[in-house]
Structure formats: structure tokens, C-alpha cells
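Each of the next two complexes has chain A plus one more chain, namely chain B in the first and chain C in the second.
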Partner chain A sequence: MELTAVNREIEWFEKEFSKLSDLYNSQNPSIRAIKHEAFEAFSKLGFPSMKHEEWKYTHIKKGIDFNSEINLNNTSQNTDYKKLKIDYLNKNLNNKIVIIDGNFIEELSTLKINGTEIQSTKSAFASQNHFLTEQFGSFTNYKTDALAALNLAICNDGFCIKINKNSIIEDTIEIIELITNDAPSILNPFHFLNIEEGAQVTFSHTLINQNTNKTFYNSLFQFYQSAHSICNFTSLQNLNKELYSVENKFVIQNSKSKFTNNQIALSGTLIRNNLSVRHEGQFIETFLNGLICLNGTDHVDNHTLVDHAKPNCYSNENYRNILDGKAHGVFNGKIIVRPDAQKTNAFQSNKNILVSDDAVLNVKPQLEIFADDVKCSHGCTSAQLDEKQLFYLESRGIKKEIALLMLIFAFADETLNGINDLELKEAIEQKIAQKLGIEI
Partner chain B sequence: MPDETELLESITSSDYKYGFVTDIEQEMAPIGLSEDIIRFISAKKNEPEWMLEWRLKAYKVWLKMEEPSWQNVHYPKINFQDIIYYAAHKPKKEIDSLDDLDPEIRKTFEKLGISIDEQKRLGGVKGTPSIAMDVVMDSVSVKTTFQEVLKEKGIIFCAISEAIREYPELVKQYMGSVVPTNDNYYAALNSAVFSDGSFCFIPKGVRCPMELSTYFRINAANTGQFERTLLIAEEGSYVSYLEGCTAPMRDENQLHAAVVELIALDNAEIKYSTVQNWYPGNKEGVGGIYNFVTKRGICKGISSKISWTQVETGSAITWKYPSCILAGDNSIGEFYSVAVTNNMQQADTGTKMIHIGKNTKSRIVSKGISAGKSHNSYRGLVKIYKKADNARNFSQCDSLLMGDKCGAHTFPYIEVSNKSAVVEHEATTSKIGEDILFYFQQRGIDQETAVSMIVNGYCKEILNKLPMEFAVEAQKLLAISLEGSVG
Partner chain C sequence: MLKINNLHVSIDNKKILNGFSLEVNAGEVHAIMGPNGTGKSTLANILAGKEGYEIEEGSITFFGNDLLEMPPHERALAGVFLAFQYPIEIPGVSNANFLKAAVNEKRKYEGLELMPANDLLKMMREKMALVEMKSDFISRSVNEGFSGGEKKKNEIFQMAMLEPKLCIMDETDSGLDIDALRVVSNGVNLLKNENNAFVVITHYQRLLDYIIPDFVHVMYGGKIVKSGDKTLAYELEEKGYDWIKAELEPAI
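What follows is the complex of A and B.
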């Protein structure tokens, strides 16, 4: 039974995929070769079911209606983008990259930022010699990861950015991904971020949607960080229903680089974030922070993987879930320490608060350690707010409801310390306060 | 530091001392598995018809199931048609008293340090209470001691095959109620072919006056051991139960797939301790026991308590999760474990704490020690159901790595559906700290003694939970597993 269902899905996918073949003929042959491999891999793997260990708590297939006509990628670009109302996090900022329905929008994006090169993925695919050509898909696990394979096989747009050697980008670069498409579709934007040696950059990334029909958004971010570089990336997901989002991030770090990811999810019918970081050199620092604050029937699933392949590296993870209503929070944090990675320090903390009786939490902090001279630990809790702290606030004349929200806000705020752009941090704090219904 | 490496090597290389074979006349089932074999086993045990049907039903379920592959252990596929499912020594005549026991068997257990004479004490520790013991060799129970003394209190302690004949109502009521036949692949297999094991029933309000114990010994070659243990503690009763096991050294792998079910009614307490020392295989990983066991207890009544303590040093592969279903309000589940893997051993062990009742509490303390080229995984589940108000869990999983070729892994699953639950989990992995070693050395304690003292201290919390006689045994075992330095 199960097998025939999978076969049907794959048949459907192959049929839809064949419609795209014309589009790919214009692409660079080495890119096409990888796409072909990814397609073969996906045809074997299919969409993961809940029987798959990595997808145990997230039913991804409900995001796709296999019986109807679905667009794979949105290739038409007829919308008048200027008319769209876009909720920028920083309205004064110039540095913007705008992706609408998976396509890079030149009219709304800043193409010239000092010290960088920005281009659409589509044009990068077509060019013969681009910084993407060599790296495309090289450190994603597309042979075993079905959704990475799906993205690589059919992606045809997104953005590529290179931060030039030793460039320090002062202003935060804001990436907006907006979904407006009303036809049922599966969108697969591919983004490549190449941070060259000694470069420093801060990104903010917002995923928002205005679509009214079921859309499956399967984006892939590929990061390549050269030695001595610093990258600070903040993702904010604030989605209304009808968008099923899978965000795949693959990060390669070289010696003495520092990568920080701040993942904030405030609402979403189904959000799955896969974040994999691999260390290719020594003395690397990785910070992964997450704040998930949900209510209603929202479902957010964060999977992280820190792959310590080299000695003397440090990683620190801090994820927090606040779950109200019938929300479902999932966290799976995996740390692998390979045999060579001696002197690794890896820490992971996961704290959770269930506000309502119907909220559900599933977490699995996971350590796989193959080297002996390491310090690895993880801690995980699920509990109530501190009675004493609550009493203190109440004794100062603050109403219990307000006091509770204040404490929840404080609990949430601790995960935001990794955001190095203070204005951005304030903007996000405002969003969280708004979500909780308090003023700050 | 070369001397440290040498030291670790000397500590972690060891010999298995229970690997001899007893030469006795044996009766075996034909090799392989089929309905006929199950009928054969059932007939050998003089079982009633309902038991045979139960077995056949389980066999049909098993045929439809697939061998699981999610666990973090690797081994060649087991050929289930290549195993002998029943092996028994041939009794020369009816055994009326202990003196009639086959002297070879008696010698075997003497060699293992197990006394089956009622007057003697286990482990030679003076002043300790007697232990009632059920001794199981291959597929049959050899002897159960102190049965008469226990009977006076209304306690039933006998081989499970005897219980099936003598107390069918109890067996019918409880067998399979905690681990259903279709629970998992090996539980289904066990339900179909189980041979012997212990049955224990503690009536209402009785505090069992002595430790109950079962000693399992695999002796015959090419066989699998499939024992089944059922332990029922009625309202307000208490029992402490111990389990030990060894096997001869052989080059082929032998399968041991047991099922243990515990039932605790209102205010009852069960303490279940295991010292597992099956043959672990040689240093190259040849031979050894595959220890695939399903152990589960249910705290059915209010304020009942089940406590699992295990010291796992043997087996080529250990794969088991002694679990507690906390169904009664205010019930308590505990799991204390030391798992030592050395050479090529693999262990994937942990527990499940299922909180269903209100105010339920659970505590997990797991200590893993990996040495040589072994792999040691902790896998645990803490599940808090929606109605389990004020549930409380604390889990601690520490791993100690000795050498740079071994691995330590942690897979804790935490599933919470109640806001008033407080769940805490912490895990650490490290090697023996240089600063700790330095502290010992500056106090004039040499490195080898220091390492052994640290390991001993690391496990102390668990060993303290064992009944005294077993604590002594377990400490000796740790010393053997990590070569002569612990003590």
C-alpha cells in the first residue's frame, strides 16, 4: 500500500518535472549534471513520510496536493511588484534583496552594495564561469536528503551573493522572501552566500506570505565561509496559513571563521527548518540560537546538525520553545564529533515552556561522539515559569497576566543576544511583544 | 602522553572468566523454526492447549513482522532457521532433593560462584540474608531454591513452565499484558518459542523476606535462549529481584531474546536488578551473545514503584530498554544503569518512562563507559501524556570515553503534552579529566589506581542501588571488564 502511494508521488513528480526540461537546456552543463543527479536521488527517495526518523513529528506531505495540477516553480513574472506592500524590518535601509515567489526581483533589490557582488541564481546558472558553478550543491546531502535533492533538481532562481575578500559590510543586508502566488505550487528557490576570506557581514531574512492557496515553499541556502570570515544571519518566519515552508540551510565553515544563526519563528501552519553546519578547518566558532513562539495550531520543527570534523572548534546552541494554544514544537539538535575532532567543545541548551494544556512538545537533543578528548554536553528542560519571580512582580503591584507575559518575554529575549545589529534586535523584540500582546 | 595510552590499554584489555563449557548429556530440538518446533517445545513442557495456541498466534504475528533496523548497532543478518530453539540437559532421574542434581551442573554453578545449596550464601558475604534462586540452564529451569520457605508467606516463586501448569489463571491474566506479543520483532519471537524463566507472585501486603534471583546460563552451542519472566506484586507488597547471566566462549554468535514483565498494583514496590555478563566476544569481535531483550514494567496501582538497576558488561551487542509505564497516580519509575563496552562490543540501551497518571515521578541515571573500539549509545524516551498533571522527570546521562577509537552516543526523546510537567534532561561526554588525575597524583596515588578510583566513583551512584551481594559482584565485574584496577 505504502509503496504504491510513494510510486504515485514519484510518477506525478516525474511528469511535472519533464515539463521543465526546456528551461534547463540553457543552463551551464556542470550545473545540469548535478541537477540530474539530484533528480535521480529524489526519484529514489520520494517525499519523506512520518515513518522516517528525521520526519517523525512533521507530516510534510500534507503541504502538497498530489491529485491536482501544481506548478513546479513560478516562471511567469507578470506581477506589478511596485504595488506590493512589503513589510520591511528596517525601512531606512538600502541594502535589500527581494525574492518574490522564489524569483529574484531586480526592480526592488539593491544590486550595488560596496564590497559585494549580487546576482540572480538564474543568471548565475546560465553563465559559463561563475563563483557558484564549482560549489553548486557540493556540500548539501542531496543523496540522502530528499528535500535538498528536490530543491537542487528543480530550482531555477534565487540570489547569489559574494562578500569580497576583507570587505566589512557595515549595514545589515535585508533579504525578503515573499510569497504571493495564488496557484497551488511548489517553489524551490536556491540561494548561495559566498563569504570570502576576512569578510564580515550581517544578514536579516524575513519570510512572509500573502498567498491564499496551498503553497509548498522549499528553499535552500548554501553558505560558504572562507577563513577568518564572520557571518551573522537572522531569520524571521511570520507566516499565515496556506504556506508550508521547508528551509534548508547548509553551511561550510573554514578555519577561524565565525557563524551565527538566529532562527525566530512566530507563526506558521507548518515550518520545518533544517540547519547543517560543517567544520572544514580548526578554531571555528558556531552559534545557533532559536526562538519559537507559537499559538493556534501552528507547527514548527527545527532540526540542527553541527558536524565537528576538525579539532579545536567550538559550538554553542540555544533553542527555546514557547507553546500556547494547540501549537506543536519540535526540536532535534544533533552534534557529531568525528574521530579527528579532538579538543572540541560543544554545548547545547534547549528550554521550553508549555503555556496551555493542549500544546505539544517533542525534542531530541542528540550527541554522537567518536573522539575522546572533548567536552560535550546538552541540557533540556520543559517546565513552568518560576513562581518566585512571578510573586516578586505581583508584589510590586503588577497584575498576574502581565507579570506572566513579562517573564515569558524575558525568557524569549535571552535567545536574541546573538543578533549583533541592535536596531534589528529591537525590531524583532517589537514583533515578539506584539505577538505576546504586551508593550515594551 | 604515551604512558597514559598504555595505561588505558592495560586497563581496558581483559579476559572473560566464565567462558567454559559444561559437558552434559543434552536433548535438543531440531535446528530451525516452524510451527512444528513450537509444538515440540510446548509438548516438552507439558503445556496446556491454550498456551500452545498463544504461542502459535505469536508465531504468526512474528512471521508478518520485519526485523528492525533503526538501532545504532551493526551486525550481520541473523538466520533464524540456523538456531536451535530448545536445549535441555537430560536428567538421569527425577530430582527429589538437591543431592540428585547432575554433579556436572552442580560443578558448573560452583565454578560460576553460584551456590544452589540453600544453606550457603552467595558471594561468601557474611551476615546477608539468604537468596532464593531459580537457576536456568539453556531452555530449562534446573532448580528453584527456598520454595517451601516462600510458600509459607504465600509467595509463589517457580519456573514459568511450572506456573503455566500450576497457576494458569494468573499466567493467563498477566502474561502479555505489559509486553503484548506484537510489541516488537523479538518480543513476538520470544512469545512463540520461549522456553523457561521465572514466575513470581507476591500476595497482598507481603514483604518478601529474601532476595529472589534467577541465574541464566547458556551452555549448548548453536542455541538461542528465550526466557520469559513474569513478576506480579499485589497491593502493598515488596520484592527485590536479581538476575545474572553468563555463557561459554564460542566463535559463533548466539541469540538471547528475553521478555520480562513486571506488574505493580496499589502501593506495591518492585526492585529489579540485573548484572549482565554474557560472553562479549573476543578482542577482534568474533563470537559473543546478541542480547536483544524487552523489559517493561507497569505501575498499575496508585503510589506503586518500579525500579530498574542494571550493570551491563557483557554481550557482543546489548540492545534493551527496561521501561516503566506509570499508569497509577503518584507512581514512581526509576532507572539506574552502568553500561561498559570494550573491544568490539556495541550497546544501545536506555529506558522509556511513560507518564500517564497524575503526580507521577521518574528518574533516569545512565552512565556509559566506552573503551577499545566499542560503541555505547543511550536511547531514552520520556513521554508525558496530556492527563499526567504535575509529572516530574529528571534524566542524567553521562558518558566516559577511554581511548580515541570508541564512540559514545545519546538519543534522548522528550515528548511533553502537559503544561504542568517538569522535565529535565542533561547529558555530558568527556574523558577522565587531566586535572582530576593530577589531583590524585599530587596526593601520591599512582595513575593506575587513580583511574580505577575515578571509574569506581563515577559508577558509585548506580552500584549503591544494587542489593549488597550484587554490588560486590558488580564491582568485581567492572574490575574484570576494565582489567584489575577497580576495587
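What follows is the complex of A and C.
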């Protein structure tokens, strides 16, 4: 039964995919070669079902209606972009990259930021010699990861940015991904961030949607961090219904680089975030922070992987879920310490608050350690709020319900310390306060 | 202001207060002394509204209202303030946000407009000066990483911000060095006026050198067994509590 269903999906996919052939003819042959491999891989793998260990709790096929005509090409019905209402996190920022329905929108994006090169993925694909050409798909696990394969096979736009050697980008670069498309679609934007040696940059990334029909959004971010570079990336997901989002981030770090990812999800029917970091050098630092604050029937699944392949590196992971209503949170944190990776320090903390009786949480820390001289720890708790703290606030005249929210906010706020842009941090704090219904 | 009448309280079937009575009027300072385990902190917690105690008998009224019927935040709004023996750390809640919430809840209760942020900040700076706290404490999390002395100063600072009518100080002197003790007591003396009252719970007479009590009560076995003026505190300091126990023995 299952096999037949998978075959049907693959057949459907191959048929849809063949319609895209014209689109690919203009692309660079080496890009096309990878895309072809990715297509072959996906044709074998198909969409993961809940029988797949990595997808046990997240039923992504809910996001696709296999019986209807589905648009696989990133096209948008909206062309009058200036009229769109876009909720920027920081209106004062000049540096913007705007992606609508998977397409890079030149009219709304800042094309010239000192120390960087910014281009659409579409034009990078067409170029004969681009910083992307060599790296495309190179450290994604597309042969075994179906969603990465799907993205690489189909993607035809997104953004590519290079932060030039030793450039320090003072102002945060704000990336907006907005979905407006009302035709049933599977959108696969591909983004490449190449941070050259000694460069430093901060990104904020917001995923928002205005679509009213089921859309499956399967984005892929490929990061390449050269030695001595620093990248601080904050993703905020605040989605309305009808968007099913899978966000795949693959990060390669070289010696003495520092990568921080702050993953914040405040609403979403179905969100799956895959974040994989691989160390290719020594004395690397990786910080992965996550805050998931949900109610209703929202579902957010975070899968992380830190692959310690080299000695003397440090990673610190801190994910927190706050679940109310019938919300469902999933956290799977995998740390691999390979035989060469002596003197690794790897820490993982996962703390959770279940506000209601009906909220569901599934967590799985996974440590696979093959080196002997390492320090690794993980801790996972699910708890009620501290009664003594609650009483302290009440004894100063604060109503119990408000005191509870203050403590929940405080619990959430502690995950935001990795955000190095204070204005950005404040903007996100405001969003969280708004979500909880308190004033800060 | 406060009338406690024949209060009997137990926790997990263990009797803690055993017929405790006390009347406190505006402008008065009462010291409650006594050996460990006689129910002093229980009394403080019950006045503030902490859960987990069984009131078996007796009553507490505050300006004529039944205090035991009020949830903790309402007691605070009505003017009861407990300076905790062990102030809890609340990571992630800044002193500023905490006090903003508390001050504005009080203003709402009194039918006043919310205090503008600038006025609030100015008020905080003034009141912090009373207890010689550094101004960067405003932005730090409540009590987090504070030394014992800083925590106690923070209690008095909050007291200054909220201007309560009844201040209960639960062993505020414990863990304080002599300088911090002086600062904390100075703060209290500046806040003392004819409209408010203090109940000072302490083991030692030294705090009462700074905060001069009008009445000293000795608590033993869950009730007040002896009352007097400040000279009683000196007597206790000199002789310890045994002579009181001995005085009571024949009666039992």
C-alpha cells in the first residue's frame, strides 16, 4: 500500500518536473548536472512519510494535494510589489533582501551594500563563472535527504550573497521571505551565503505569508563560512494558516569562524526546520539557539545536527519550547563527535514549559561520540513555572495571571541573548510580548 | 491597622502557630523575636498570603477587611509588604520591568493613571539612592547574582517604591555585614512615618539599635509569650531565651 502511494507521488512529481525543462536549459551545465543528480535522488526517496524515523512526528505530506495541479515553478501573481504590505522587523534598515514567492525581488532589495555582492540565484545559475557554481549543493546531504534533493532539483531562484574578505558589515541585513501566491504551489527557493575570510555579518530573516491556499515552502540556505569569519543569523517564523514550511539550513564552518543561529517560531500550521552544521577546521565556535512559543494547534519541529569533525571546536545549543493549547513541539538535537575531533566541547540544553494539559512535546537528544578526550553534555527538562518566583511577583501586587506571563516571557527571553543586534532583539521581544499578550 | 486574633495554623498536620494574637497601629514599630522554629517566618508568610498553610482557627483583619480572604496580590495592593528573608532570583525579569508592573498595578488599584516611563525612572533613581544601590541594578534581572546584602537592599528599595502601609521584615538583618545593616536600617528609618507600621522579625538585638522598636514581643511555641519595650531586647541579648523558657515551665 505504502509503496503504491509513494510510486504515485513520484510519478506525479516526474510529470510535473518535466514541465520545467525549458527553465533549466539556460542554466550553467555544472549546476544542471547537480540538479539532475538531486532529481534522481528525490525520485528514489520520495516525500518522507511518518514511518521515516526523522519524520516521525511531522506529517509534511499534509501540505501537498497530490490530486490537483501544483505549480512547481516559483511564479507569482503579484507583480506590483511596491503595493504589498510587508512587515519589516526594522523599518529603518537600509539593507534588505526581499524574496516573494521564492523569487528575488530586485525592486525591493538593496543591490549595493559595501563589502558585499548580491545577486539573484536565477542569474547566478545562468552565469558561467559565479561564486556559487563550485559550491552548489556540495555540502547538503541531498543523496539521502529528500527535501534537500527536492529543493536542489527544482530551485530556480532565491538570493546569493558574498561578504567580501575582511569586510565588516555594520548594519544588519534583513531578509524577508513573503508568500503571497494563491495558486497551490510547491516553492523551492535556494539561498547561498558565502562569508569570506575575516568577514563579519548579521542577518535577520523573517518568513511571513499572505497566501490563502495550501502552499508548500521548501527553502534551502547554504552557508559557507571561511576562516576567521563571523555570522549571526536570526530567523523569525510567524506564519498564518495554509503555509507548510520546511527550512533547510546547511552550514560549513572553517577554522576560527563563529556561527550563531537564533531560530524563533511564534506560529505556524506546520514548520520543520533542519539545521546542520559541519566543522571543517579547528577552533570553531557554533551557537544554536531556539525559541518556540506556540498555541492553538500549531506544530513546529526543529531538527539540528552539529557535526564535530575536527579537534578543538566548541558548540553550544539552547532550545526552548513554550507550548499552550494543543500545540505540538518537536526537538531532535544530534551531536556527532568524530574520531578526529579531540578536545571538543559540545553542550546542549533543552528546556520546556507546557502551559496547558493538551500541549504535546517530543524531544530526542542524540549524542554520538567517537573521540575520547571531549566534554559533552546535554540536559532536557519539562517543567512548570517556579512557585516561589510566582509568589514573589504576586506579593508585590502583580496578579497571578500576569505574573505567570512575566515568567514565561523571562524564560523565553533568555534564549535571545545570542542576537547581537540589540534593536533586532528588542523587535523580537516585542513580537513575543504581543504573542503572550503582555506589555514590556 | 492589623489585628491578628488567636491564630492557629498548621502545615502538614504540624502545629506552627498556636493562638497567636497581635495588634499593630499606624506609626508603630513592633519587633518580634524568638528562638528558631517558633513560627516567626510562618507568621510573615501567612500575612503575605503564601499557600500551603492550614488556618485552623482565628482571624486576621487589615483595616477591617478579612486578610485571609484576599489573594496575595490584593494584600500587596491594600498595603501589605513582606521583605523576604531569602529574596528569590528571577532570571530574565529586569528590576525595571518588575517595578514598572508593580507600581502601575498599584496606581490602577488606586484609580491613578499609569506612571510615565520617565517619571518612573526618576523615582527609581531617587529611591535607589536611599539604600545606596548602583543605578545599573535597574537593568539587571531581579536579584540574579546579587550578594546577600544587595538582595536585602533591593527589598527595601522595592518597599520605598511601593510605599506600603504595613511592612513586615523577615530577618532582614540575617547575612548582612555591619555596613549593609546600617544602609538598610537608614532606608527603613527614612520610610517610617505616622501612617505606616513595621513588624520587624529578628533573632538579634543589633538591628534594633538602628530601627528602634516601640514594642518587643517574644515568640515561643507559636505565640507571643512576653511583650515589653526596647529594653526587653537588651535583656534577651544578654540572657538568651532560656530564662523565658524557664519562666514558662512552671505554667506548663
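Basically, the second predicted complex is superposed on the first by the 436 of 440 C-alpha atoms of A that agree within 3 Å, B and C clash if a C-alpha of one lies under 4 Å from a C-alpha of the other, contacts with A are read in each partner's own complex, and residues count from 1 in each chain.
To be clear about the criterion, a residue touches a chain if its C-beta (ideal position, glycine included) is under 8 Å from a C-beta of that chain, and two chains touch if they have at least 3 such contacts.
The structure presented is a predicted model; accordingly, all values stated were derived computationally and were not measured.
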| item | value |
| --- | --- |
| First, second, both or neither for A:Cys380, with chain B first and chain C second | first |
| Which superposed partner A:Ile398 touches (first chain B, second chain C, both, neither) | second |
| First (chain B), second (chain C), both or neither touched by A:Phe409 | second |
| Partner chain(s) touched by A:Ala359 [first = chain B, second = chain C, both, neither] | first |
| Chain C versus chain B, contacts on chain A by residue | B |
| Partner chain in contact with A:Lys19 - chain B first, chain C second, else both or neither | neither |
| Chain B versus chain C as contact partner of A:Gln389, first or second or both or neither | second |
| Partner chain(s) touched by A:Ala371 [first = chain B, second = chain C, both, neither] | first |
| Residue ranges of chain B touching chain A (in the complex, touch as defined) | 70, 386, 399, 401-431 |
| Of all residues in chain A, those that touch chain C in their complex | 386-389, 391-400, 402-403, 406-407, 409-414, 440 |
| Residues on chain C engaged by chain A in the complex (per definition of touch) | 48-51, 71-73, 75-77, 81-82, 84, 87-88, 90-93, 97-98, 101-102, 105-106, 109, 141-142, 158, 162 |
| Contacting residues of chain A [partner chain B, same complex] | 53, 339, 342, 352, 354-384 |
